[in-house]
Amino acid sequence: MPPTEHPIHSSEDLQQIVDDVYARAARDLGKGKVATYIPALARVPIERFGMAVATNDGYFASAGDAATPFAIQSVSKVFVLMLAMRLRGASLWNRVGREPSGNPFNSLVQLEYEKGIPRNPLINAGAHIATDCVTAGHADPKQTILDEMRRLAGNDAIDFDPEVAASERATGHRNAAIANFLKANGNLESAVDDMLDVYFHQCSIAMTCEDLARAAGFLANRGVDPRTGVRIATERKARRINALMATCGLYDAVGSFAFHVGIPAKSGVGGGMMAVVPGDMAIAVWSPGLDRQGNSYVGVRALEIFVNAIGRSVF
Amino acid sequence: MPPTEHPIHSSEDLQQIVDDVYARAARDLGKGKVATYIPALARVPIERFGMAVATNDGYFASAGDAATPFAIQSVSKVFVLMLAMRLRGASLWNRVGREPSGNPFNSLVQLEYEKGIPRNPLINAGAHIATDCVTAGHADPKQTILDEMRRLAGNDAIDFDPEVAASERATGHRNAAIANFLKANGNLESAVDDMLDVYFHQCSIAMTCEDLARAAGFLANRGVDPRTGVRIATERKARRINALMATCGLYDAVGSFAFHVGIPAKSGVGGGMMAVVPGDMAIAVWSPGLDRQGNSYVGVRALEIFVNAIGRSVF
Amino acid sequence: MPPTEHPIHSSEDLQQIVDDVYARAARDLGKGKVATYIPALARVPIERFGMAVATNDGYFASAGDAATPFAIQSVSKVFVLMLAMRLRGASLWNRVGREPSGNPFNSLVQLEYEKGIPRNPLINAGAHIATDCVTAGHADPKQTILDEMRRLAGNDAIDFDPEVAASERATGHRNAAIANFLKANGNLESAVDDMLDVYFHQCSIAMTCEDLARAAGFLANRGVDPRTGVRIATERKARRINALMATCGLYDAVGSFAFHVGIPAKSGVGGGMMAVVPGDMAIAVWSPGLDRQGNSYVGVRALEIFVNAIGRSVF
Amino acid sequence: MPPTEHPIHSSEDLQQIVDDVYARAARDLGKGKVATYIPALARVPIERFGMAVATNDGYFASAGDAATPFAIQSVSKVFVLMLAMRLRGASLWNRVGREPSGNPFNSLVQLEYEKGIPRNPLINAGAHIATDCVTAGHADPKQTILDEMRRLAGNDAIDFDPEVAASERATGHRNAAIANFLKANGNLESAVDDMLDVYFHQCSIAMTCEDLARAAGFLANRGVDPRTGVRIATERKARRINALMATCGLYDAVGSFAFHVGIPAKSGVGGGMMAVVPGDMAIAVWSPGLDRQGNSYVGVRALEIFVNAIGRSVF
């Protein structure tokens, strides 16, 4: 391995890098557009910007609005996927693929041509399959998901945002279209409304960058939560979730992100992003202005600058 | 970085791993189907299997038919892309995208919906763009490509296989369809037949696994040929080519390969595969039996076993 | 106009032709497959076959199971379209196209590529638009539709089949997917469930061939019900509905039907078909065995033989 | 049959109607856009407008530029289809469908999804199949086509326009893409270039409205040329060609044209249109300004006004 540009030997080292990256990425604040399809997202100021990094070695640093909760939205897909993999093992992949979609994130076209088998679990249709597994496999699936997020982040205050969940449901006709199509193709076990209720709630989970950086620790650390030492997933599963993020995590910008940044990441429409330097650290950024592909404009910039700073693209 | 399972401190260490991987992967020999669309490919025995690995540290090992030349076919796309990036820089990306295609490798559907802009340079349509740049940018583009391959592999005996080139041309109606469609959309500078002539020749280049493992060295070594110390591409470009291979290199199996293997790779219809462990080593495998996605059945297995053995998935 | 082969000067003349056509078409009874997605359809014997013809001159003839009610299913789309045209006039065509779909009848692909504007009002998605107009435009839309069917057929016993309506709703996930997609694209005024309730009821309307042949009279007679003399639609609208049936009425078999038969027609999954010889007569056939395009196997045959017998393809 | 509004009992009657229709349609002259992809089309003044009508009874009338030759372009597809049907009979339909395309006229998308079987013989891909049959089935296919056009129009001066043919070839990359794709799918007997040479020539045939109205006579007259009494096609074949024009003749405007006009027609990019009132008459119009669907703006208007005037929509 070539030496990193910025060897990190303490939280102070890390904080210095994070502060520098934050300052440079903040120059783009105001770019992009805040999602407006629900009021709770629309009223978030575009200038919000938080960042947090947690290394496998136990170093931690954060900057800006890193302690402000936001709706994690599609970032939740990664964690619910992990729960579904735990419940179903390899059989999960009979119901959902592992290939990039090559289409915008909620395309029904792909779903129809491929007979109701979503391309991967990180687009909406595929996430419905994972949520369906959790819905069918747990007595109180919403509580199961919430408990897992609290455990991973080490923060029992994490909760659903009921306003977001209600708004998602009220405007969620496209998700209802997808779920009904899956049901029509025999690829949904739960009742459509039951699965959607869980799905809209998982999207509404409110977390901070600090929470998210900690919650992603097991993905950076080969399956073991570096904070608690608890194994959350096998090493193989952790690597595989990272591989899925790298090839499918950013909708129609996955190739461009790999090209420019080069680490596994997952974004949400609220402007949150969770990224992993496998073997090293987890990173969370949040800024609500979205680029044309639906990813946080400043978040992508921050990750690009950070990865260049530490010299740790996986490629 | 976590310690690798098999630390490699000599060519002997490496040879032992390669021998072991070879033996295990060889159990699947006979699986898959040899491409039959041209006689020169159809008559290659399915039992052929070669493997070679070259580390950045200068260690080298090979096994089986590693010294037998085969038509590298689509593996050539990576090298011609590098030449096109050298000629055109960032402006290349106005003519071709960087996203996974989400469709079989020679789809006209995507091309039509996206107005003649191929999704990425590692599918046929996108490779036509790269070849077009080289065709327009060099006086003798076929010789330019050949010279580059000879230099990278350190083997002046590398040459086109004229029978393969002629057969590709005679049966290449689908490539002619794509190239004419690009021309109709104003995204081809050269005459259709000129570009196709170069393209069919680059596909016909005959190399061995040993050649290929050496030729890929600069991608494993941040742009510098580890054998000669010559810089072939900037570090950034080398990383970016690796990112493109990781997200677009294996047609409709890119996600599955990332999931199971987890390193950048490019395959060809002749059964050759070139893979890179960034920062560490380059690997070439060849076995002509293809799986349903068009990748070498035994080649994919060998890479999976090898990556597990050295513990070096990028994820 | 060339002389018809069988000039019809009385109901007896017509009955003779109908009997002959019926006997010849009945040889194919048993071919095709009865729809099985709901029990009420699945249990209809495939040997059922009815036919009725009503001319503008007042002649009438029928054969076989012409007095047995069946669920008219998609045939209802024609009548609800007429009601929507009456309510909205030309503005209806801002929300739905008039072109053949070129895809199977409930395709979401077309809908997604064309931003939620269905191709025509005789595929499911387009029929949702027409039903939405009626749902939004009448206080009791189900009763409005039922009243119109009773008036047109001159039969107050016509009613919904509650078992069919309930089964359609219970299994109607694909229609729910379409309706939610329309809503997500801002092309549905009513609540999704309200529109679907009307839609599933209109599909469940139980009528006989005799009813249907009479109900279609205004389409054969330039907009005036030949039985009552009441104008149901303008001549222009009647012609236009016929044109829509001719180009869009038989899903993916519209071209083949025009080629082989050559008159406007609309089919339903229950095996019913309604056809019009413009200026002359209306025809209804029913036989539940469906061909691969979802049209009544024997029904299509009967119409082909009948049109040949009277020499009155529109082409 | 209801009485027509304008009973036509002489060429004078007909001329009066044609003059009136011409005057009203001419108000829209200047609307639309002349095709510019080849110089020979681009330089035709948008104000050109001709019209001719030939009835089965032998009446004839024309107006405006009815004696000026223009390139018939896609109108030729109808005649070459007739020649292919004559050569191949029903087996032709194994290679090309009879359904509307539901996509713009030269779509490769449909072709790819349907494995190289064009949707119908009146879109470019399907016309290639018909031309391929004629190319394979006649010693001098270009002369065969020319001879047929001369015979049908009764005008030996009809000829190819060599400038148009050459320009079509030079710019015909999209047609070359389609033809190569058909060849790649095993659905082309001739060499690609041979078929394309015939195709580009048939498109270049220069005829007048007077020629075209006469040439279409057999389609209006159940297969018999009303001018000569010679049977050109069986009644069934003539009806079937009309049915294909009605469902597939106007690209993505076939439904709208049926809705507004309601007779079988075929258009060409040169602004020519040929239409048939089955059993009654053939009509040719020409005006080079094209609407957004690629049909003559004034031509469509003239046909709509004419059909309303004679009260003879087929619906």
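When the chains are written out, they are named A, B, C and D in that same order, and each has its own residue count from 1.
We adopt the following convention: contacts are C-beta pairs under 8 Å (C-beta built on N, C-alpha and C of every residue); 3 or more make two chains touch, one makes a residue touch a chain.
Owing to the predicted nature of the structure, the values given are computational and were not obtained by experimental measurement.
Participant: Touching both subunit A and subunit B, which chains are there?
Facilitator: none
Participant: Could you give the fewest steps needed to travel from subunit A to subunit D through chains in contact?
Facilitator: Between subunit A and subunit D, the shortest chain-hopping route counts 2.
Participant: Using each chain's Cα centroid, which is most distant from the centroid of subunit B?
Facilitator: Measuring from the centre of subunit B, the most distant chain centre belongs to C.
Participant: Could you please state the distance in Å, as a whole number, between where the Cα atoms of subunit C are centred and where those of subunit D are centred?
Facilitator: Taking the mean C-alpha position of each chain, the two centres sit 32 Å apart.
Participant: Could you work out how far the Cα centre of subunit A sits from that of subunit C, in whole Å?
Facilitator: The mean C-alpha positions of subunit A and subunit C differ by 49 Å.
Participant: Hey, how far is the Cα centre of subunit B from the one of subunit C, in Å?
Facilitator: So the centroids are 56 Å from each other.
Participant: Do you know which subunit D residues sit against two or more other chains?
Facilitator: In subunit D, no residue touches two or more other chains.
Participant: Strictly by the criterion at the top, what is the full list of touching chain pairs?
Facilitator: Listed in label order, the chain pairs in contact are A-B, A-C, B-D, C-D.
Participant: Quick one: which bits of subunit C touch subunit A in the complex? Just the residue numbers, please.
Facilitator: Residue positions touching the partner: 107-109, 111-113, 173-174, 176-181, 183-184, 192.
Participant: If we count contacts the way the header does, which residues on subunit B are in touch with subunit A in the complex?
Facilitator: 1-2, 97-103, 110, 119-120, 222, 239-240, 242-244, 246-248, 252-256, 258-260, 262, 264, 278-280, 313-315
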